[in-house]
Each structure stands twice: as structure tokens, then as C-alpha cells.
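Down below are the structures I want you to see.
Two complexes, one shared chain (subunit A), two partners (subunit B, subunit C).
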Partner chain A sequence: MIPVCALADIRPGEAVRVDGDPPISVFNVDGELYAIDDTCTHQDASLADGWLEGCLIECPLHASCFDLRTGQPTGPPAKVPVRTHEVVVQDGHVYVLAVAVPVTT
Partner chain B sequence: MRTITVVGASLAGLSAARALRAQEFAGRVIVLGDERHEPYDRPPLSKTFLDGSASLDDISLITSDDNLLDIDWRLGTRAAALDPSERAVVLDTGERVVTDGVVLATGARARKMPGPAGVHTLRTLDDALVLREELRQGGSVVVIGAGFIGAEVASTARRLGLDVTVVETLPTPMAGPLGVEMGQVCAGLHARNGVRLITGVPVSGLVGSSRVRAVRLADGREIPADIVVVGIGAVPNVEWLAGSGLTINGGVVTDARCITDIPEVVAVGDCASSFNDHAGTVIRLEHWTNALQQPKIAAASLLGRTSVHATRYSVPYFWSDQYGSRLQFAGHRRDGDEVEVVEGSLDMSFVAVYRRDSRPVAVLAVDQPRLFGRWRRELASEGVLS
Partner chain C sequence: MTVSLPPSLLATLPGRFYTDPSIFAVEQERVFESMWFAVARSSDLATPGRFETADVGRESVLIVRGRDGRLRAFLNVCRHRGAKLCVEPAGETKRQLQCPYHAWTYGLDGKLVAAPNLTKMPDIDRVEYGLIPVHLREWLGYAWVCLAGDPPSFEDTVVGAARARLGDAEMINHWEVDTLDVGRRIVYDVKANWKLIIENFMECYHCATIHPELTEVLPEFADGYAAQYYVGHGAAFAEEAQGFTVDGSEGFDRIGGVGEEQDRKYYAITVNPQVFINLVPDHVIFHRMFPRSADRTVVVCDWLYTKEVVAGGKDVSRSVELFHRVNRQDFDACERCQPAMSSRAYAKGGVLVPSEHHIAAFHDWLTAKLA
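And now, the complex of A and B:
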């Protein structure tokens, strides 16, 4: 399990990035937590810096949107999904399970 | 509304078709496009597609999901007129496509300079295929115009090992979009990467009969060239709308919801001159993100709804990749705005903020995506300007 931060440190509508290889970001969508690989599959932008709208994160560089629940891109130019990860909250702390959840299509 | 016809099958047209389906329009969607190719992405044409690192497949905009949208694609089909009385799109074959709603997404074309073989413009996939092949032969390239496309072609040609000269009529490249100070910074990018930049002299002619040999400048100089790339801007494809009754001012004039003088006709992307809430005036943008996002607003307008996205989308945004650096710009600059470097140094990576009456109105960054993003958000939250 990769430790992320205290639960209170990810406010709704925000994201916390864990620098690693690859970096992973955890998003808080109205209290629900989602984790995905932080690097856009199109080029090298950080999705944690993107625009969060509902369960969609829009890449800050070329505006591809990814569904945080499935990792699927919903618009160009990205065509490859980002990997999603399981999030665990324990004793007020957020963790990410390192193994990626297989992509669902 | 039972039938909606989209004219133009590139980014804005495809985005409109997708947005109509995403917003649950169940009627017929026809997309007309005069290029033979399925929609493809233009930005790589001056970057990764031109240097050979991206393939045709990589730059396709179509995904398997699009096959589920039940769109009537009519590629290789040119619209010649819009007849408002019957609300019909008239094709160049004379065929009339009668329709309830129309999305105008005919984009823009490269402004040309007549010349012999070896003189190119770069707007379409066909242009890029020809230019890519020529660049493979090597030699010396003269790029006319130091705007974004000129600068990107220069950067790609240089990376491919060619000898590159850029000539620009104005004293400073990109003074229009970026202002003189930041234009100087772009000039520095060329110099640091071994590209000659000649500014402040217009081109007076292209030398060569069967094939171009040189570019002649107004001061008499001749710059030898095996390949010439003309990057002197784009012209919106709106001539075909003459007689439709639509107001044309640069592009097709629309309100902030993309609606033209005819309520059932919307215009989006590079062919539209739309009222922009952020700029507080009508502007025609030639930015990829605008062609992606405006159609979502336009689709909602055609279907009688108001898009919830409008506020954030109104802050113009574009990027450009040159010499391994990434430029990002957001907002709307005007002459007289003060520009201040708020982070970094001009010869490396930096963020510069433009202010009008001490309010931030635009931001430019080179290789500073995170801080740029913060300023872009700030601009989005500032609301209407001027």
C-alpha cells in the first residue's frame, strides 16, 4: 500500500499527487476517492493539475478528458486509458494499492 | 429538430457531432467534409507527424466509439451555399441537403503565396505528406512568417538536420498574439537553436522558374532555398456563405452561445467570430481547444439548452511546441497591457503575466505547466474583462 495523505488533506474537487514511478493521483469527487496514474497517456502532462468536473478529469495540456472510475478517455487527443487504482482509507489516512485495476472497456 | 447538418469534418465538426449525441439528440446527424480523409488532428502536422515520429494512425481523431454514434459521414463533399429560406445546404454538385439545424465548422485555410515547385503551405494532411517527403531530401529551408506554424516548422526542419532561415516582415515575431517583449523571447528561441531569423524586411518575391531557388527580400537580398514554407496566416472558409444573410466579420459572427443571425444555424471553431465573455468582444480564435470545446456549447444552443461549461471555456488557450520547449498561453492580450515575468528566467523556463489596470488578463509560460495552470484557473475565475 502506498501512503498518500490524511483524509482531510484531499478536499472535495481537489487532487493529491504521490510522486513515484509512475506518479499516482488521488481525486476527491464529492467525498468519493479515485486514484489513477497521474501522467496523461497522450503526452507528459500531470492530470492532478487538470480540471475536475464530476467524475471527469480534463488534461491541462490538450484537454482530453478521462473518466476517473474507468480510466477511459472520453475525447481527443488521448486514445489510451489511464490505469486506475484501488483507494483504501484506514484510521483517517488514504492509501493506494500499488497494483493497477485492469482497464475495463 | 429532426436533422442536423454539420459542414466541415475536422475537429470542430467531429466535436459537434459527438456533442449532439452526448446531449441525446436522437435525430439524423449528417457531417459534410470536403477533404477525403476521416477527421485527423492538425497540431502534429507541424510537429511529430512532420518529423516522422507520429503515424497516420496516431493522428486520426476517430475512435471506435464514434462508430456507435450513427453519423452519416459524407466525406469528399463540398458545400457551395447555404439557402436560408428552405434551410438547405447546397452542395457543389447542386444537391440540396434540407435540414432543420446547421453547424458551420469549415475552419480556415492557409494563406498562400504563388510560386514554383518547392513552395509549400501547411494546413492539411496532404500538405504535410508532401512537405515531409521534401524535408527528407534535406537542403536549405526558408520559412516565410515567424508565427506559430512557421516557428514549429522551422524547429522540426532544424531537428531533422536541415539548414533553416526564418524571414518575418514585422520587427518582432509573434508581436500580435504575445506582444513585443515576449515576441523577442521567441526570437531568442530561434537563435539559440541555430536558426537564422531575419526580421523587419518583407519578402518581395520567390526566385526560380521550374523550382524555387531563393527567396528575394525587399532590401534586395536573396536567401538561397531548396524548400520554402509559407506560414503567413490562415483565412476562414466562409466565402461559400455569401448570400446566406449571415453576418461575416472575419469569420461567421455569433453570440457567446455560438448562435448566428439565424437561430437554427450555429458556427464553431476557426470559422467563427464569436462573442467571447472573457475578452468582452467578438474574436475569431484559431486554437485547437476552442474547436474542441465550442461545439459543446453550440450543440446545447441548437437543442434549446444552455451549456454549463460556458464560463471556463471562454478563456482562450493554446500551446505550441518549439525546439523542445512548450509554450502555453491563456487569456486575451491587447496592446498596452503590461507584462511581467513572475517566475523563472526568460532564457530558460518562465511564467509571464499580462495585466490591464492591474488585473491579470493573460498568461504566457514556457516549460512551466504547473504554475501556468494556476494562473489559467485564476483567469477563469476573474470573469468578464474590459
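And now, the complex of A and C:
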């Protein structure tokens, strides 16, 4: 499990980014937590710096939106989904169960 | 160089002050980039994300209302490779300002929000590499910016100009100018140096000749003494004039704070270097000058009325028409002078008659700035 932060440190409508390989961000949508890969699949930008509306996160660079529940982009320019990860809250702390990065050859 | 003049006359500036691009460049730097400059009507930027751009001196300035409701001004230049950030004169952005070149993206507070590969460059401070802020103050419902690092006192140089003319710092508040709405805006592209326009606005020696409608409403203007010649003097309306309108017909109710003593009077203020304000009981006429070159000045004139007048759809055309005619008459006169500024006949300048002698104070002020 990757430790993220204290539960109180992710306020509704905001995100916390965990630097790693790849970086992951956890979003708070009205108390519900979602974790996805932080980097937009179109160009290297942090989705945690984007704009959260409901369960959609809009990339700050070229406005592609990703559904936090599925990782699917809703429209161009991004075409490839971001990975989603399971979020665990234990004793007031937030953790992410990161999906293994697929091996690329 | 001393020119001996009869006591009735004072010298104007020499002709080259109105034509020489190198003098205009110094004015841009020492005057327009150093002093407070009225750029935008705050109500035109009413909601978060609304922005305007304006040239102030040699710089393009971006004025935008933030998500916190505050107006801010920035140099309109991307910090990355210098592309002009916003090219439109006005518009609305949903939540950020993005450079169209490499997509460096700034919040409405100027902070760098995102850029391609930014997370790989954690040493880039997002405030340090945010948009460069410009000082901004709001007064009379306008956003005034100052490009100087250390701006002159707003109270002394802007509010002070109204105090010096009206004789009282409080008096202008009677017109509640920040609460008024724009009933009409006309933009004039004047082919004349900005100083010709200021000088024209300051004197009324020309009034009886070129302003028949104005002198009809303000008979004392025919004597050639402008309201600006005096301190605290309001020019009285003609007895037969019911209002400050092109045909002397009735205007609207007095603006809330305007009292009996200011009723049926006209006051005029110049706020150096680029604002003229006219106050009459039922409206305010607010001119902003945007000097473009030594021989071209854009003048934006707002006619401001109470919300009842504007929202109520009342007919403002007769009061607009009066000063619109005055503006056209004045700007035609300025455009007639401009080509002659480079004539041999005007190399040493012209002269000011006694009713224009107060213009010499403007020339002294300017030459001190340029020295």
C-alpha cells in the first residue's frame, strides 16, 4: 500500500498527488475518494492540477476529461485511459493499492 | 532659448513635442508607464474569468477578475518564451489563462498552474514563474493600473487631481460614480497627439467658436473661461436649459448624493495623464485616452447614468448627443492642429492667451516629468 496523506488533508473538490513511477493522484468527490494515474495520457501534465467537476477531472493543458471511476477519457485529444487504483482508508489515513505497471517491451 | 513675449502671452511647447517619436517614447516611459492609468470599467469585468487587455505605455496589460472576485492586472506576456498571452481586447475564460504557444497555463491569480512536463521540473516555483503582476486600484468604478515598481501615491496623483479641481476631496463622491452604469460608450480614433487633446479639454477659448450647442447650455463658456480655470467652480446652466442635453430638454433626476448647490451646474476635471471627468447633476461623462503614437490617440468616452436610467431603458440620446458633438468638434480641431505641428510656422510653438495660461502648468508638469 502506498501511503498518501491524512484523510483530512484531501478536502472535497481537491486532489493530492503522490510522486512515484508513475505518479498517482487521489481525488475527493464530495467525500468519495478516487485514485488514478496522475499523468494525462495525451501530454505530460498533472491531472491533480486540473479541474474537478463531479467524477470528471479535466486536464489543465488541453481539456481532455477523464472519468475517475473508469479512467476513460470522455473526448479528444486524449484517447488512452488512465489506470484507476483502489483507495483504502485506515485509522484516518489514506492509502492506494497501486495496480502493477504493465511491462512494456 | 528665451523668447520675449508680451505679458498677455505664454509660450506653448515647441511643435516637435507633438510629432517626434523619440519624445513620445520618453512620454510612454516617464508618464504612461510611471503614473496611474485608468484602463477598464470594473463593471465590464463583472464576473470571474472576464478579462480585458489594454496597451499602457509600451506594454500590453491583462486585467482579469479572479475566482475570489478580485480584479488583478498582469503584464500580458507568457513567462516561458514571451508569447502574448491574450490577443483579444476582451473576453471570458472559464478558469485559466493559457498561452496558445506551448500551453503554459496560469490561474486567474497569475500563478503558474500547469505546463507540459511541469511535474518533471519541481524546481520551478509556480509564483516566481507566474504572470508578472501590475499594481491595480479601483476608484470611481474604474480599474487604474500602474506599471511602476513603486507607484506614486494614488491619493495624491489621482484623487488629488479631483480635490485640486473641486476644492474638496469629498465632493466627487456625491456623484456615486462607482455605482453608475454605462448608458453609452463611444470610441474615437483621433489622429492627434494626446497633449493636443488635454490642452483642448483644459481651455474654453474655443468654445464660442466650435461648440454652439455647449455654449447654449453653458452661456459663460462663451466668455472663454473653462470650468477648469477655477477651483470648485461649476459652470451654471442657462436659465432656459432644463437639462444638460443637446436641445436643452429635460434630463433625469439628480444622482442620489448630488445636492442643491451642485444642481444645474457642470464641473470638469483632468486627471493627468489620460482621464477627463465631466460632472452634471444627472450623469457623468468619463473619458479615457489611450495614446497610440505621437500623432494618434484613441479616446474611450463613457456616459454614466444611474441604474434606474440604464436598466429602465430610458432614452439617453439627447444627453449623449450633446457631448458627442462636443467631442467631435474638439477632436476635429485637434486633428486640424496635428499636421501643422511639424510646420516651420510652429517650430517654436504657439502662444497661450490669458484664459489659457493654466495650460502652462500642464506643460511645466510634463517637461519636469521628461527632464
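Note that the second predicted complex is superposed on the first by the 99 of 105 C-alpha atoms of A that agree within 3 Å, B and C clash if a C-alpha of one lies under 4 Å from a C-alpha of the other, contacts with A are read in each partner's own complex, and residues count from 1 in each chain.
Basically, a contact is a pair of C-beta atoms (placed from the backbone, for glycine too) under 8 Å apart; a residue touches a chain by one contact, two chains touch by 3 or more.
Bear in mind the structure is a predicted one, so any value in this text is a computation, not a measurement.
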Open item on the list: Taking the superposition on A as described, I'd like to know which of subunit B and subunit C A:77 touches: first, second, both or neither.
Closed with: first
- [ ] Identify the partner contact of A:23: answer first if only subunit B is touched, second if only subunit C is, both if each is, neither if none is.
- [x] second
- [ ] Considering only the touch criterion stated at the top, classify A:11 as touching first (subunit B), second (subunit C), both, or neither.
- [x] neither
Open item on the list: A:51 in the overlay: touching subunit B, subunit C, both, or neither? Say first, second, both or neither.
Closed with: both
- [ ] Name the contact category of A:60: first (subunit B only), second (subunit C only), both, or neither.
- [x] both
Task: Overlap of subunit C and subunit B interfaces on subunit A (superposed complexes) - done: 45-46, 49-51, 60-62
Task: Contact set on subunit A toward subunit B in their complex - done: 45-46, 49-51, 60-63, 75-77, 79
Open item on the list: List the residues on subunit A that touch subunit C in their complex, please.
Closed with: 17, 19, 23, 38-39, 43-46, 49-51, 60-62
Task: List of subunit B residues in touch with subunit A within their complex - done: 11, 15, 18, 41, 43, 61, 63, 288-289, 292-293, 312, 319, 328, 369-370, 373, 376
Task: Residues of subunit C touching subunit A in the complex - done: 95-96, 98, 103, 105, 113-120
